[in-house]
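Each chain carries a letter (A, B, C, D and E) given by its place in the written order, and its residues are counted from 1.
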Amino acid sequence: MIHIPDFAHATTVQVIFCFLAFITVITAFLTIFSRNPIHSAIYLVICFFSIAGHYLLLNSQFLAVVHIIVYSGAIMILFLFTIMLMNLNEQREVHRPRITRLGAIVSFCLILIVLITIFINSKPIVGEYDSTGEDFQSIKVLGKILLDEYMVPFEFASILLLVAMIGTVLLSKKEKLNK
Amino acid sequence: MGNILNQIGIENYIFLSVVLFCIGIFGVLYRRNAIIVFMSIEIMLNAVNLLFVAFSTYHQDAQGQVFVFFSMAVAAAEVAVGLAILVSIFRNIGSISIDNLKNLKG
Amino acid sequence: MNVSTILIILLIGAFATYFSGDKLASKVALLFSLAALGCSIVLLNNYNAGENISVINSWITQPKISFALNADGLGLAMVLLTAALTPIIIFSSFGNEYKNAKAFYGLILFMAFAMTGTFLASDGLLYYIFWELALVPIYFIALIWGNGDAEERRKAVVKFFIYTLAGSLFMLTAFIYLYTKAGSFLIEDLYKLNLSAFEQFWIFLAFFLAYAIKIPIIPFHTWQANVYQKAPTVGTMLLSGIMLKMGLYSVLRWQLPLAPTAAKEYMYIFIALGIAGVIYGSIVALRQKDLKKLLAYSSLAHVGLIAAASYTLTLDGLRGAVLQMIAHGFVVVGLFFAAEVIFRRYETRNIAEMGGIRAQSPKFTSMFLILVLASVALPSTFNFVGEFTVLYSLSQINIWFAILGGTTIILGAYYMLRMFQHVMLGETNSKAFADVTLNEGISFAVIIAVLLFFGFYPKPITDLITPSLETILQVINKN
Amino acid sequence: MNTLIAITGLGIFCLLFEILNLRKAIVPFTILGLLGVLAINFCEFGMEQSYYNNMITVSKFSTSFSSLFIVLTIFLVALSHNFYHNHPTKISDYVAIKVFLLAGAVAMVSFGNLAMFFLGIEILSIALYVLAASDRLNIKSNEAGMKYFLMGSFASGIILFGICLIYGAMGSFDISEIHESALSAELPIWFPIGMILVVIGMLFKVAAVPFHFWAPDVYEGSPALTTALMSTLAKVVAIATLFKLVSGMNLIASLDNQDLLHTFEVIVVVLSIASMSVGNIMALRQVNVKRMLAFSGISHAGFMLMTLLTVSASAGVLLYYTAAYALSGIAAFSVILYVCRDHDNEDITNFHGLGKTNPLLAAILTGSLLSMAGIPIFSGFFAKLFLFNQTIQAGYIGLVIVAVINSIISVGYYFKLILAMYSKEPNQERTGRPFLIYATAVISIALNIIIGLFPSLVLDLLN
Amino acid sequence: MDTNLALILVLTPLLGFLVNVFFGKSLGKTASGAIGTVAVAISFVVSLLLFNQITSTGKGIQVTLFDWIQISNLKINLGFLLDQLSVLWLLFVTGIGSLIHLYSISYMHDDENMHKFFAYLNLFVFFMITLVIGSNLLVLFIGWEGVGLCSYLLIGFWHKNQDYNDAAKKAFIMNRIGDLGLLIGMFIIGSMFSTLDYATLKTAITGATNLNLPLLSLAALCLFIGACGKSAQIPLYTWLPDAMAGPTPVSALIHAATMVTAGIFMVTRLNFVFDLAHDVQNVIAIIGAITSLVAATIGLVQTDIKKVLAYSTVSQLGLMFLALGFGAYEVAVFHVITHAFFKACLFLGSGSVIHGLHGEQDMRNMGGLRKAMPITFWTMLISSLAISGVPFFSGFFSKDEILLTAFHHSIPLYVVGSVASIMTAFYMFRLMFLTFFKEFRGTEEQKHHLHESGSLITIPLIILAILATFGGLISLPGNSWLNHYLAPLFTKVAGEEHHLGTTEYTLMGVAVLGGLLGILIAYIKYFKQDNFPESDENITGLSKVLYNKYYVDEVYDAVFVQPINSLSKFFRDYIETGLSALVFGLGKVTNEIAFQGKRLQSGSIGLYLFVFVLGMCAIISYIFLAQ
């Protein structure tokens, strides 16, 4: 069952969680509903920051930092850069048929209801969450795992980035056509 | 310090993620502006990342967090390629509305 | 030396023909087909001498599929039919000029290869493969070298292909189902199966669909007339002379023994269907304007009778069916060749535009008439032997079957003589009609000789096929 | 593992060649290199081994599928020479991307950890997005790239969500651990949900109904060589990976444990039927050959999905089917590349009279289409045979009958192309006999026939 | 020795046929005619030898050549049986055959295809011999269908005329209807007794204790249908008058003397079967009587000389069947023989007339030929007297025996037969008067060319006239050589001869008077009163019905031919197209679905993703929420 927080006796952590969750959801919605892409981008950044807040709440500081750097920093800048480049800030979306919106809303509700129902129906987790007390998410541990156990995927991710890089170059490179 | 999930519960993280993920899906379906659609996909990926971290705490295991790094790398690569494609479309047809992409059909 | 030799000769022949170039192709093809004929005669000799000429090699281990060729009397008889008709068909085409002849003759030999394989295969899957392989060459022969309006031909040929393929795929399903029961595709193992009546019913039906379309039995015949009409005559000969015998042969070899209970239970329905085909085909043939179409419907009527006989499950029925298959194979090839001979001179197949040929070409007329008479089963031709046996077997089941089936001798005479009258007789035609050339004459002569010889002395064939038919009947009656 | 390393190295060499200005050597070198990789891969065959904390697991399954991928890539690289003739400055990029794509593909069938799987599929996808959009001045190519990208990342998101739920249930990304704990009684519902989401994501990649809509549009819009890649390599990789996921993570047993197996099988049957039917029926009215082959690919996906019903026994069958399908696809596409090289579309009219102007190519295309239609001696027939056999043995005779009906429908459109080649008059001159295209076509159709005549060669690898 | 003799007998005509087919044209007309004639003559000589042998030994000769058709329970040999019956038939077949061949040399001399004519005639003789001497029903069937074929070929000999071809086709098809009956009869007999061999069959039937008589009757009925077709009985008789389209020697040989008697031969051959089937015998008698009456009435008003003879033939055949129906096989055989003589003579005579008039066959355009063609006139007169039953000519004895037999069994049938006989006398002499008396009514041109035919034509006429006169001697009432000769064939008491009592003599007298009455009426009407038949359009009333043969052809056409043709059209235009459309329809429906499906594939990413999400929802909820 849904664990309904007892607001009267809510702990600080619970209040923070609710607040952050609220911000996350609202800004995510606003990202979608904003007419102006720049506004969307701003809302998205806020959304990402709130997610970083969740990470902090879960005590994974390193990840939060990386998240902010990658998303709010790199990716968002990329988005904004593109928006500027295309001069889209005031572009109104052309005719958006009602059927599309209806379809979107229907599928949103549907998938949400289905997923939520399944998770509600599932066996609840009972008892205490175990806490080994061991350090499992400090930079040190993460580094060990990433560069030792997960070395191959780590290297492989470089290939992923290489491919993305070559691809982007390929897509943007002008060439002399010798037809 | 005890497990933080004792105070919040893993279910709530799941629900939050699901809601966020569905908002992402909704965005993809709802908007016709390709950039916003990209952003919606980012929301979807972030919803999953959040859940990864929650599960990582749940299992007291760092692998989930490590996976988030990969996920971020993937997201970055995708966005790069996606925007490159978008730019080239914009150069060709001067619009980024995905409604204009209906030449291929039937 | 075993039966695979024939297959190898034909296959090599197909490639050799293709690589010999357009000019030589027809001769090379003839040579190889004659070699195959010689080889099959030698094999027949060896077989009669008691030598083992079968082959069995394992091919695919999982699922277990063997390269098994078994030549019993029935198989050999059909192989001989194929081997004898192929050179005749090739030789009969010498009067025509074909574009890209190397491919044309190569395909003919390839088709002969596949059909021979079908008659020999004793592994269900191998059989199926040959069965399907035979379909591809005739598709191209009809498509590329056919005649008439290209669009209509395309339609007819594609319909033919899809239709026959549709039927055979259900057969494949049935085979696979049998395999899951028997663990092998070998015919002996399949014969040993004891299936429930329900299973047998469906298997019988699946096989029936394949064969009913191929033979064809009404109402699955709609592809036939159009394809016969549109295909080049060589293709029509291959189709009607040999290929539809594949269907009939398969009824005997596969369908009946694999589902004997169903065969016995539904016998009457299928006999009735065959006989309905006889009457229907004959009646439709009456009012055909196109010579080849008329012959196609006549073929429909004849094979209906053969099919009906096959389903009687009596030795007479099976034997009559086989005899009639062979006889019909020869006669129908001859008749289509006659149509081609006329076409070479008049460039038409429309009966209304013919007539009055007899006065100009007595030799051709005589040969044509003999073929017509053989086709209506005049005693002293091979067809009579077959038809008599067939009708006799039907009369043993129910006298009405024989009476209704026997209308073929009345209706057959009606449409064939009517056709002969309008094509050959009447006031001398204003267009000149050269009498048959030597080449054409030889083809006719060979066919006629065969028909007459076996008309009086069918014993060699009867002796050849009877033991294997008895074996099949034993399997049918095992429980 | 060595295979993966070698492939990656080869990709980097390709990039180096561009820098060293050895453009002309790229294609031959890559082909030779890939042949070497193939040899390395062969050496690994039969050695059950896992590398680097079980990140990569080499098994018969992975090596045999990897070999297939490598062979396909060799063909695709060989075809690149002529295809990118007009883009000399980009050829290294193209070839390198294909080689990296191969690396992703190999990772997808030999992963031992879901991280490798995810990275592999992303490398594959991103490479494909790029290749689809690579004709940057062509709006259709752009559109294809965009559509593929949007839907692909959407699907990636779903796969990621699935992986996340699996992790949530298992606490691990390791395949062998998941395999073991999949049968535990206290398994949270997250695992099957996650698995189903992953499966759905993969179904998107293999273009099964109802996740197939991207395929025709993307196939049509992409440059022909990319379409060849998608319809052969990418599809084969996706289905192999799907199979490995389902078998490797013990999904069937786990579902059985939770009484969900029946509904899952129903879903598979329904999707398989739907894919076959939709693919075949929709293909009937297509005039663009690539689009037609896209729908044909959808229907073949439906056929291949049937293997999921008999996971324990059908790895060999799947390998055979994919090999047969991909080889005939390569043969078909090499002819299409030849015929349509000077056209901006791939309409059937371009094929008119090919039987007269280029009989060899026409014969090869005919052969490959016959193989796809399942006419004997071509391996496509045996593929269907083994598949049907397997499925009937599992008791799904109804499914097989539907499959049979679909095979019949499929003949309708395959023969449309054959008809165009043989029964229409040529409408253009076709000059030039590019060696690599001819060689690729001949070799691939020859391989197709060889494995048709000796199916045990392939079939017994995994039995 | 016997085998060789039998083979020579059979194969000589075949050889003649082959020689004429392959070399006839180059040999020239006379040579080919000579070869044809000699071939048959040799057979005739062989027949004589065999006849000699049979009469001396009294035993039949059985010759077996080889196995022919194998059927599980019955094995059919290709073999010959030469016994009294077959040798008798052989004698007149080859004998009359030789004469007609001889006649044809002259008659057909102007025809460019004369070698073919002789080839066909030889082929006919070959098949006829096979029919007669076959040792089992199936060999008989070879000949049976073979003669049908030759009949087809010879009726349509002048193949440029499509009407003749139609007649030929009609003959063949009508025969085939009968043949089907014969086949079915054979099947029944084969399955009952496991043999088709006459000798074995006879022992089987006579020795059997509990026969399935109804089934045997059915077999007999079927066999009789076969005989009806071949011997032109109701309802299958209409082909025979049309068959007159062929050259006259053909009509004489095939359609009067030999082939049409095959039915009688077969019934006589299988007398032991028919003896057991009394109902069928009654049917045979009734049909025979009706046929003879109907044909005779039609014959009354025909104006074509050959048509008159044709209907006369049908009528006479009817009389023979009347006899068969009463089990009086030897009587029927006797009439067959005498009929062969006088009818052949009549046909050849009419041929001579037609030859003299260059193809004119309408009696309205003849007359007064007596002087120009005396030999023809006299021979025909003799034959007419014979057929009319004038005493002491052959026909008198045979016809009288039939009527006697009929009288003993059934008075009504006797009356019918007698009326038919009177009519016969009438129309025969009508023919004679119209043709040979009065003035010539043809054109001047024809008149100018009138002449008696050559000796090759007249010699056969004379021989046949002699035979027609004295042929009756072989079976004189009270002392019948024929009956003794045939006795071994029959199971019943051999030819229960009628004792010549008062009744018999009275009946004889009545018959003679009847015949004379017929002649008298004809004399009054066509000689005294100078009537001659109206031209076609002026014929009215009953005559018109008769002249148009009771409209039987039209009825058959409307009842059988037209429905089959319209059925054929219906099948072709509707059922075939319908079935075809059904198959194509499946394809069309699939195509239509595809067309609708294409609209779903609209190119919109939104839609694609929407379906994606819906599919995902459906799958997840089905798996996890369905329980």
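As a convention for this text, a contact is a pair of C-beta atoms (placed from the backbone, for glycine too) under 8 Å apart; a residue touches a chain by one contact, two chains touch by 3 or more.
Quick caveat, the model's predicted, so the values are computed rather than measured.
Participant: Touching subunit B and subunit E alike: which chains?
Facilitator: Looking at subunit E and subunit B together, the chains touching each of them are A, D.
Participant: Taking each chain's centre as the mean of its CA atoms, which one is most distant from subunit D?
Facilitator: E
Participant: Look at all chain centres (mean of CA atoms) and spot the one farthest from the centre of subunit B.
Facilitator: It is E whose centre lies farthest from that of subunit B.
Participant: Counting C-beta pairs in contact, which comes out ahead: A-B or A-D?
Facilitator: If we tally the contacting C-beta pairs, A-B comes out ahead.
Participant: Grab the C-alpha centre of each chain and report whichever is closest to the global C-alpha centre.
Facilitator: C
Participant: Quick check: how many Å separate the C-alpha centres of subunit B and subunit C?
Facilitator: 66
Participant: Compute the distance, rounded to whole Å, between the mean C-alpha positions of subunit A and subunit E.
Facilitator: 103
Participant: Using mean CA coordinates as chain centres, what's the subunit C-subunit E distance in Å?
Facilitator: Centre separation, subunit C to subunit E: 37 Å.
Participant: What whole-number Å value describes the gap between the mean CA coordinates of subunit A and subunit C?
Facilitator: Centres of subunit A and subunit C (C-alpha means) sit 71 Å apart.
Participant: Where does subunit D touch two or more other chains at once, residue-wise?
Facilitator: 115, 119, 122, 126, 129-130, 133, 136, 147, 150, 154, 189, 193, 216-217, 412
Participant: Got the subunit E residues that touch at least 2 other chains?
Facilitator: Within subunit E, the residues that touch at least two other chains are 587, 598, 601, 603, 605-607, 609-610, 613-614, 616, 620, 624.
Participant: For subunit B, give me the residues that contact two or more of the other chains.
Facilitator: In subunit B, 10, 14, 21, 24-25, 28-29, 32, 58, 61, 63, 66, 70, 74, 77-78, 81, 84-86, 88, 98-99, 101, 103-106 touch at least two other chains.
Participant: Sort out which chains touch which and give me every pair.
Facilitator: Applying the touch rule to all chain pairs gives A-B, A-D, A-E, B-D, B-E, C-D, C-E, D-E.
Participant: Along subunit B, where are the residues that touch subunit E in the complex?
Facilitator: The touching residues are 25, 28-29, 32, 98-99, 101-106.
Participant: If you look only at subunit C, which of its residues touch subunit D in the complex?
Facilitator: 59-63, 103, 125, 128-130, 132-133, 135-136, 140, 143-144, 150, 153-154, 158, 161-162, 165-166, 169-170, 172-173, 176-177, 179-180
Participant: Which of the residues in subunit A end up touching subunit D in this complex?
Facilitator: 118-119, 121-123, 125, 148-153, 156-157, 159-160, 162-164, 166-173, 175-179
Participant: Within the complex, which stretch of subunit D touches subunit B?
Facilitator: Touching subunit B from subunit D are residues 114-115, 118-119, 122, 126, 129-130, 133, 136-137, 139-140, 142-147, 149-150, 153-154, 156-157, 160-161, 163-165, 167-168, 171-173, 216-218, 220-221, 286, 291.
Participant: Using the touch definition from the top, list the residues of subunit D that touch subunit A in their complex.
Facilitator: Touch residues, subunit D against subunit A: 8, 11, 15, 51-53, 55-56, 86-90, 93-94, 96-97, 100-101, 103-104, 107, 113, 115-116, 119-120, 122-123, 126-127, 129-130, 133-134, 136, 188-190, 193.
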